[in-house]
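Each of the two complexes below includes chain A, the first together with chain B, the second together with chain C.
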Partner chain A sequence: MDSLRNSLRRLNPLSTATADAETGTGVGVEADADERGGLVDRLRRSDFVESMPFWLPPTALVLLFVYGAIAWNVVISFTGWSGLGQPDYTNFTLEMYRQMPADQDFIASLRNTVALLIAFTSASLVVGLGLALLVDRKIRFESTFRTIYLLPMALSFVVTAIFWSWMYADPDGLINTALHGIGLEALAYDWLGDPRFRLAAVIVALIWQFSGYCMIVYLAGLRSIPDDHYEAARIDGASTLKLYWRVIIPQLRSSTVGATVVLMVFALKAFDFIYVMFGTNPGRSVDILAVTMYREAFSASEWAYGAAIAVVLFALALTIIGPYAYTQYKRGAL
Partner chain B sequence: MADLQLDDVTKVFTERDGNEITAVDDVSLTIEDGEFLVLVGPSGCGKSTTLRMVAGLESISSGQIRLGDTVVNEMKPKERDIAMVFQSYALYPHMTVRENMSFGLEESTDMPATQITETVESAAEMLGIGDLLERKPDDLSGGQQQRVALGRAIVRDPEVFLLDEPLSNLDAKLRAQMRTELQRLQEDLDVATIYVTHDQTEAMTMADKIAILNDGELQQVGTPLECYHEPANLFVASFIGEPSMNFFDARRDGTQLVTDQFRYDLADETVAALGEHDDLVLGVRPEDIELRSTGSDEHSYETTVDVVEPMGNENNVYLTFGDKHAESFVATIDGMNRVEAGQSVVAHIPEEAIHLFDRSSGRALRNRTLEPTAVAEAQF
Partner chain C sequence: MTADTTTEPEPEDDVNGDGDDNDETQGHLARLSPGRIALYGGLLALVAAYLSPLYSGLTTAFKSQDAYRETSPLQPPIDGFTVDPWLTAASELAFAMLNSFALTIPAAVLSALFGSLAAYGLTKVDWRGQALVLVLFLAAVFIPYQAVLVPLRQFWSMVGLSQIHPRGELVELLITHVAYGIPICTILFRSYYQTLDGELIEAARLDGASLARIYRKIVLPLSIPMFAVTLIYQFTQIWNDFLFALVLLSNRANYVVTLELNALAGSMATDYSVQMAGAFIAALPTILVYILFGEQFAKGQTM
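Our next item is the complex of A and B:
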């Protein structure tokens, strides 16, 4: 805030004079004027008021449409609003939250969400790290590989979802055709039809799309490690495996934390992927909270219950981002 | 313990467009056990590449590096029994000082954990960082990091110590202090050491032996005083010494040297040393030029003081021959002697102090004569 104020001052010679008056350097005339002008004059001269046109409109819009909407959503989750008609704001209850533990659909989708969160995030990180380590070894066509691995990230999730549903199709999708081709018919399952594989199929597709992003994050981390560290470790006698395990990978901690937060938050709202692949009712094997929320609110018109699920999702997102934001704040990075 | 020997070591880098660059050209050196060798030269002269070849971080294009009787050319760094201190220290930021110092022992030896702890602690004690063992490198000052980097090398108890400009990231005062400490440490450890630097002061003050490199070629190997008083060529003469030696392009006319500014009579023995060469460079160290208020004897010249740099203990006096815009040369005189800019003084260039170089090859034809008594006196 101070730096903003200073830069504003630099832009406006008049306010520099004001600042001087405030700190008491320009005692004589200006001090008198201050007394005469009173509150209105002081307000007019304050940096806060002067800078308002710049920050007020965007702040107001964000407050209204982001935080206002969140607050409204929380309020709705306390009403019993369902079906047609208007919510009743006179009678607040925790009924919606009480229903949750008994709702098998909700429990299944919560379980799937957490499973997706953990499996998708950790696998993407591992694959991304592997790719980054390989690409970082001063290979030929490095930038080509980088682009190829990052490309899936540029695709719309809808495109990826459709594309992977073709891959998984039974019996003539690419994967099963290939399995038949090499004589492994026994392994050719109905990936998207069989409840045992549905969630795993989604996770694999998501890893395909996001490991390129992890690779870029890790590659940036690797590039910031000086060559000296590799050389010092070699002189210290470390084998290549030990070099990476003990010297290089531990230094990628902040890259890991950053990528983890991004992946987890995405995993929570991986709505479009599942919606495109399976529609609004994907079944308990692959239902996630984001889809359940949509179904309850917009298909079943259980507005309040949908809102309550949204609050749960929001709380999950906060538990992921909260600690990260806090440590960043502690380190002065926020 | 063994000697380290470099025989005709050459390093050729091939650029992307196929151009070949010779970074190190046919360098031969012997570093005896316990000897402190300083490799010195300007940036890009190949000194670091030479060091990295000894370390095993760079392959050798041709030639041989031997440690004792073993040829180490194809050996990995860990098999060579060397330890290296990097210019940037290269401490692992996520490890504590203790972990940094133990890492090499854990990776390259079968030493049991208790013994590693002991070794690390005694090395840390020796370097005065015993109380920093649990800290991370980021919490340490530059000087402390430097000690940790040294400690990491010491605990390995290597055959050869390699130091790559280890003091260049320290401030001037700390650098001077670390210079003495390093020297003492090396004497205590009694390990063959190669120390790379571009700083001729470090080279002069620390070395048992200096090797001067330029453009990948070895210019001279010798004790600091040999390199200072008997430079093998123009490059060494100009590189060693601060302020640097004065040079005057000269032609020989019989027994006389003719420069643009003055004529200089040569004694018979000097003329004999020159042989057939008569396109020469005359060199003289600033401290060998005597300044007098008057006098017109042989080898004395009227000059004008251009600039005086008082250093406290001595003054660097920049002189010109008459014309103010002519190139100046420098004389170093006692700090108590007051000289003012613009003043006229007589500069005496004694013949026993002059160096003569062949201009085209740069080779020294005649170095200053050192009176045996002067050297003997200095030995106390």
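Our next item is the complex of A and C:
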């Protein structure tokens, strides 16, 4: 409790001052808030009341649309609702969850989701770190380079899916044309048609879109490392490689954590790109939970099963967000 | 400074690092070491890689059907140059572009405004629950929207705005975007308000100013740079959204541009030049915003 109060005080440098300001009706107040618990508490409550018009309407919207909807979704997943008509809220069953392990489509898309999550997140971080290190070498036209690498983040997934389906097109697309041009015909596959390559093709395109984001997160991290850390390492005679490996990269930990959370959570819901490229039924080679959920609910009208898959997705997201939100809260970073 | 043969960063080399350097080009080129040349070579190769999907799209968008089949996407559109794909795509997408603007601008403004009010209420006044509310907001930023789609559709079909007015669906989508935009906007404003000088507000409180007056007179004017960041973030997010629109819009006349572009790509699956032109047209507003407000865009992305 004490640590909570401390962190709250850190959250709010004005806390004592504001409380004092109210007690004192404008005349110089120097009293210690803690010594007058009851009164201060009441005044805090009035602060609470006065601030309500500001935070209550937005908070109510968020509670209704985000948390209310999540709870409602869980309820629907227990109803067995499908087809036309309305869900029956009097009869609850675990049937939707029971049928998951036997559903090969579900298993395949769970596997693809995890593969996408791991491959996409780690590769984007590595590429983004590489970009950041290159851009951070006091280069000319730095902002131009940065602007180009980050540009894909400004585009909608619908747009990038259309660009990339043309990139991957066989045999006329840019990738296969280029492979033919340099005599590597043997490597010119039908990237989107061949089940072996579909998921990898999606991951490469998503790395293209997100590595610029990782770059700016890492750049912000690099720029916050004090110059004397570089100097000290150099005086110690560390080589450039060692300097980065031993001194710089360990200090980028919080950048890595932040970017990892964002990338992983994105990977769980990477719906748009796959839907636009392959439609609602992309096949087991590239199906992910976000697409399966949409297909079950909105194409097949298996509303309860779709809701149950959404609960699984939500639980996966929670295992990522939960620890992150908790540590942010503990550190008083909120 | 003598020629440096290692790849160590050169401290005198564009110290301000913002690329805004038109002086001393001559001297600089003379100082380029092999390591620096390799660095720039690598950076340029990456530029080519990052721009290649846009490049192949752009060349193809200016080619006639025959030309893009016969020439490589690497080739500029010299033989068979045409602007027809752009005209076709523009006439197909025009109504959806208007819908997107009508949706995106008010939704971005409202979510930013709500975010600012919530952040002010949660930052500059003291009560204990605020940390809990903030944790809820932070988690809401990351929640996969799949977890709310079925209830969302149920909710709006119960409210039935689309039965009242043919444009009702767009209003439903607008309210949805505002609600789901609030958490990120609040977090963005919150981190900014924490850095604001508290003394000014403290003094105003001592003078007996109400919270509303302090917001209007002090906090709101100081928030303008953050409004730019938040509005740009939300504009890009909402313009680019596909999932909510897919679930909530059923009437073709209400389609936003991402939905209509997907429909266009589906109906012209073999005509890549129209698809590419359409993709550029749909992306144009966000590309313009990005080029004009790159700094604010980057700030919003990194929170």
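The working rule: the second predicted complex is superposed on the first by the 282 of 334 C-alpha atoms of A that agree within 3 Å, B and C clash if a C-alpha of one lies under 4 Å from a C-alpha of the other, contacts with A are read in each partner's own complex, and residues count from 1 in each chain.
By our rule, a residue touches a chain if its C-beta (ideal position, glycine included) is under 8 Å from a C-beta of that chain, and two chains touch if they have at least 3 such contacts.
Owing to the predicted nature of the structure, the values given are computational and were not obtained by experimental measurement.
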item: Combined model on chain A where chain B meets chain C, clash or fit; value: fit
item: Touching partner for A:Thr160 - first (chain B), second (chain C), both, neither; value: second
item: Touching partner for A:Tyr149 - first (chain B), second (chain C), both, neither; value: second
item: Partner chain in contact with A:Arg253 - chain B first, chain C second, else both or neither; value: first
item: First, second, both or neither for A:Asp47, with chain B first and chain C second; value: second
item: Which of chain B and chain C A:Ala232 touches, first, second, both or neither; value: first
item: Broader residue contact with chain A after superposition on the shared chain, chain B or chain C; value: C
item: Partner chain in contact with A:Ile107 - chain B first, chain C second, else both or neither; value: neither
item: Closest Cα approach, chain C to chain B, once both complexes are overlaid on chain A (Å); value: 5
item: Doubly contacted residues of chain A, that is, touched by chain B and again by chain C; value: none
item: Chain A residues touching chain C - in the complex, by the definition given at the top; value: 4, 7-8, 11-15, 17-19, 21-22, 24-26, 44-45, 47-48, 50-59, 61-70, 72-73, 76, 87, 131, 134-160, 162-167, 169, 172-174, 177-178, 181, 208, 212-213, 216-217, 220, 240, 258, 261-262, 265, 268-269, 271-272, 275-276, 289-290, 293-294, 297-298, 303, 306-307, 309-311, 313-314, 317, 320-322, 324-325, 328-329, 334
item: Contact footprint of chain A on chain C as seen in their complex; value: 6-11, 13-15, 17-21, 28, 39-40, 42-43, 46-47, 49-57, 60, 68-69, 72-74, 114-115, 117-118, 120-131, 133-140, 142-155, 176, 178-180, 182-183, 186, 190, 198, 201-202, 205-208, 210-212, 215, 236, 239-243, 246-247, 258, 261-262, 265, 272, 275-276, 278-279, 282-283, 286-287, 289-291, 294, 297-298, 301-303
item: Residue ranges of chain B touching chain A (in the complex, touch as defined); value: 55-57, 76-78, 82-84, 86, 88, 90, 92-95, 103-104, 107-109, 152, 156
item: Of chain A, residues touching chain B in the complex; value: 226, 228-229, 231-239, 242, 246-247, 250-251, 253
